[in-house]
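Same chain, two partners: chain A is paired with chain B first, then with chain C.
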Partner chain A sequence: MRLATTLFLLLLSLPAQAQVSVITHKSVPVTSLDKEDLLEVFTGEIQFWDNKVPIVLVDMKPNNETKEIFYTFLGKSPSRMKAIWLKRMLSGEGDPPIATESEEEMISRVSSTPGAIGFVSRSLVNDSVKVVAVIHKRTS
Partner chain B sequence: MRFRDLRLATKQAIAFGLILVIMAGVSWYATQQVYQLRKEINDVNNNWLPRMISIANLNLNASWLRISQLQHAMIQNPDHEKELIEVMLGLIDAIEDNRDTFEALMNDSTRLNPYSEQEKQLYQEFDALWGQYQDQFFTLFTMYEMGEKQEAISLLNGASGEVFEAFSRDLRELVELNKNAAADAARRAGVTYRSTRDITTGLFVGTILLTFVFAMGLLHHVMVPVRQLDRAAGYVAQGFLNVELDDDRKDEFGRLARSFNHMTRALREARDQTERQAAALLAANSDLEQQKAETEQKNKALEEALERLQYTQQQLLVKEKLASLGQLTAGIAHEIKNPLNFVNNFALLTTDLTEELEQILTSQPDRPISEVLDQVQGILSDLQFNAQKIAEHGKRADGIVKSMLLHSRGKGGERGLTDVNALVDEYVNLAYHGKRATDPMFSTKVERELDPAVGQAYIVPQDIGRVLLNLLNNAFYAVQQKAPTVRNGYEPTVRVITKSVPNGIEISIQDNGCGLTPEVRERIFEPFFTTKPTGSGTGLGLSLSYDIVVQGHGGAINVTSTPNEGSTFTVTLPT
Partner chain C sequence: MNRRSTTTLCILFLFLGIRLSFAQEGEQPLKIFGYFQGNFTYQLDQVSDVASTSFSAQQLNLFLQKDINTNWAALVDFEVLNSFSSYRRWGAFNLEEAWVRYRNGRGFNLKLGLQIPTFNNLNEIKNKTPILPYVIRPLAYETSFNEFIAVEEYVPSRAYVQAYGIVPAKALKLEYAAYVGNSPNIRSQPAIGQSGVDTTTAFLVGGRVGILAGDLKAGVSATHERVNALRGIDVLLIGSNEKLEEVPRIRVGLDASFIAGHMYFATEFIYVVYKENVENLDVNKGFFYGTGGYFLKENLLAYLSYFYVRENYTLGDEIDLDIVAPTVGVAYNLNDRITFKGQYAFGMITQNGPGDLRLKQELHYLTTAVSVVF
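Up next is the complex of A and B:
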């Protein structure tokens, strides 16, 4: 695990040469997101897309490399994310993310759920889902 | 080089340098230890305590969460529920914070005492279990929302409870491990502190003792030679100059000792020298005393001799005077003889004439009176002539006697303006006649060249006259000496020349006699020096003449001469 983290840190320019892609349902009106945006989305701070469609978070259950890379990029541990989602759930603010059992399931879920956003290893991306470019800080 | 031989400053520097080095070492050691201690304390503070605290809190919060969950499952009151949910929210955050802290500490490889494998493994186990617990939590609340309370409760008590027990066990172990480790670290810090304290104190005390020892040592090192020097100096001051200090050291004290020894040696030598000099002085003194006595004796003898000489000199002077006087007298006597002869002759003639007159008057009475008168007149005129002559020559003799009287008064003569030419003339006559009186064979031509310009001089005429006499007599003697040695044709001549010169009068007496050799000429004015054979003459003539002319009249007397040809004596008198 540590090795992976180190490796990731070495290629921490997810935007440039990411092994992990952020994917959304084809209807999601977003082309690019920066780290802040992603965090806001995944921590549930933003709950709706611009087109008023509710954001549906899709998480991966097994602690694979993809998950580790993505979480490390976000800067939050899985446990912390879970805690955030738990709190949101306890406060009645929202539902916890959908937990998929595999990357393939991730793709199928995302492609079939409007407003869904998730993450998957790049190599598995197909055209059933939309890929959102992850950029460095948005200059707005 | 032995330690003893180093310079004092060097010794001091070494000793105290050593002390400094030791103290520096002790300080360095203490500092190092303090750093070590600080590190250990920091370790406890920054490492163990946070770890322990975070893990203990984690344990506490997790347990509390569990309790809240259980309570939540049982409550009915919506307000209570709300409260509990608030609590749980807080706890969830707290737990994540604890986890972050603990994991941060775990992942910080710069820290001392990295987490042991056991710890990491325990935490990993907990981590995985916690993930499960969280998932179960999600499930529970989903069940609550869907109204499946019974199922929720059975999950809570069942699987969730097992998971909880499992991770709690891990947590407790972690707490225990950390607690022990922290305690160990604290204990180690305490040990470090105590050992440092003891060692540093010991070193410090040791250094102080060492400093003291060194100081004492140096002091002793310095005091021993100083005391020696002090004692030695004391001896020297009392006059014992035989002290010697050991001077084999090469440091300042060695030098000092050597200097001291030099000094005492010099003092000894000086003292010895002084003693020798004193002895020499004493000896010299006694010699001098002796010499003084001898000198006094000699002086006395000399004085006596001087007295005798002076007496003799006086006698000689008197003799000379008498001699010159005798000469004068002879001269004068001769001079008188002449006029007296005339007087006698004319007196005799007068006697004869008076007898003749008597005869004329008494014989032949019948001679005619005119005849008698003629004869008487003739005789009377002869008588008159004779009387005149007798008076004339008598006067002459009188004059001569007067001058003789003048001379016999000796040196008491008065100074006065005197006609020099007249004086010269007079004394030339005296000398000439005097010589002739004593020596009938004497026949020297005497020439006079008296400068009419020569006037008067302020002189004692008798004295100058004596000088002239002396010179003339010498000239006569010289020509007499030459005469026998020369063939025919030698005409002994003495010339007397007077000349007027600027500020003075020159009287020269020139002879063509035997002359003087340079050696004789040099000594001619010396008293008692004479070329005449012993018994004739005192040798004082020229010396007296010199005195009279030079000391008596401020003039000069010089001589030039050519052996076998003649001499010239020149008297210069100032006017």
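Up next is the complex of A and C:
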């Protein structure tokens, strides 16, 4: 009992690991995307999936931990990404992402929009979307 | 069913058929968006000690965009400048862009129609005020100072066919752009013919090649055209019977920019030379700017910038124009739509030459602006 309690307390003291899942609509013809792929998709450099379906970017309005982990992984701040999207929009080269108010809305939007890609906390992922990347971040 | 009802139904079915046929092509709704920038400027001429202040609606751009299908899109860009009023004869109203684009992946895009060609880093976005931290742009791109520097000599303003794209090359990406347009021998007097058309058979050809490596971007640009801009200088040449028609003008540009952490850096160089091939005549121009910035916060950029222009005219005697303008500014993004800007610039203009052509001016500019995207 004492050993179990000690182990339990030890586990509690370890740094928690936040995880973010990159999710897509079920019809998107990819099984995994690496960091470089995600950068090319989210900066609008690549605009179509391999099946010629347009990529629909979905972002989150509120600044939360999930969003911070995702953009830190990409190596670009949210404001830098906004500047990139604004430049593309004003040059007629692409649309800025759809902005959702919450992670629940993110899942709803991605699951119902062909070609959509977004990101949510891993704990919120369900069968309505496909996971193409998992991003880990240790927090203490 | 009477004849009128039958006719009405036929018209209705015809209308629905047309609507259905368009719907089957997968057209997207028309997108309307734009931006404007209003500013306030305080200007002081230090030599004459004359000051002035002015508010203005500096710029408004309205875009209409239609995504026709997955490969084709069209865009129209109307631009309104400097508190435009046809009644008061202020400012200008321009058709800035009107093009259709074919896209086949990132490697190949083809734009057809009136467009702003790619030259260095800033030319395509020089009028996109929400993207730029400046109120007073680097001088080769700043039309407000046309009395000192003719922007159209330094950068190409319009093209009509442009191919461009990005090609991955191992750890780098290669950017390319190639375009054709009118040479700038544009008729502006409707009384003697159709205005707005090139009066010669010459073309503007140009392009840019560059590399992308993360947040580093660098490239080389060039254009070639034949211009009548030197026409009239021949009368200043003693003993010369040369007529300066369709003189080749070549521009070469270099650009580099990167973002590293909180640091931002951008620089460009432009060299313009006329191949007039006339003894005792030589015209060439150069422009340089460098900007170093620091993101004090994610949405707050402070920067230092240095603009330099050098124009050299040799007409027997030599005439040099130097413009040096160090500047400092800030840009604050209040939110996704609104940006506040402030900038101070000190301009030193020196022209050396014979007699009355000598000129010296020192100008202070303090300007603030609000830029809004809608």
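Operating definition for what follows: the second predicted complex is superposed on the first by the 115 of 140 C-alpha atoms of A that agree within 3 Å, B and C clash if a C-alpha of one lies under 4 Å from a C-alpha of the other, contacts with A are read in each partner's own complex, and residues count from 1 in each chain.
What we mean here is this: a contact is a pair of C-beta atoms (placed from the backbone, for glycine too) under 8 Å apart; a residue touches a chain by one contact, two chains touch by 3 or more.
Computed from a prediction, not measured in an experiment: that's the story for all the values here.
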item	value
Three-chain arrangement built on chain A, chain B and chain C clash or fit	clash
Partner chain(s) touched by A:Pro54 [first = chain B, second = chain C, both, neither]	second
Partner with the higher number of touched chain A residues, chain C or chain B	C
Partner chain(s) touched by A:Lys82 [first = chain B, second = chain C, both, neither]	both
Segment of chain B that clashes with chain C, given the candidates 19-27, 37-45, 73-81 or 541-549	73-81
Chain A residues contacted in one complex by chain B, in the other by chain C	77-80, 82-83, 86-87, 89-91
Residue ranges of chain B touching chain A (in the complex, touch as defined)	85, 88-89, 92-93, 95-96, 99-100, 103, 127, 130-131, 134-135, 137-138, 141-142
Chain B-facing residues of chain A, complex	61, 63, 77-80, 82-83, 85-87, 89-91, 96, 99
Residues on chain A engaged by chain C in the complex (per definition of touch)	45-48, 52, 54, 75, 77-80, 82-83, 86-87, 89-92, 95
Residues on chain C engaged by chain A in the complex (per definition of touch)	31, 33, 35, 61, 63, 65, 70, 73, 75, 97, 101, 103, 105-106, 124-125, 128, 130-131, 166, 214, 259, 298-299, 333, 336, 373
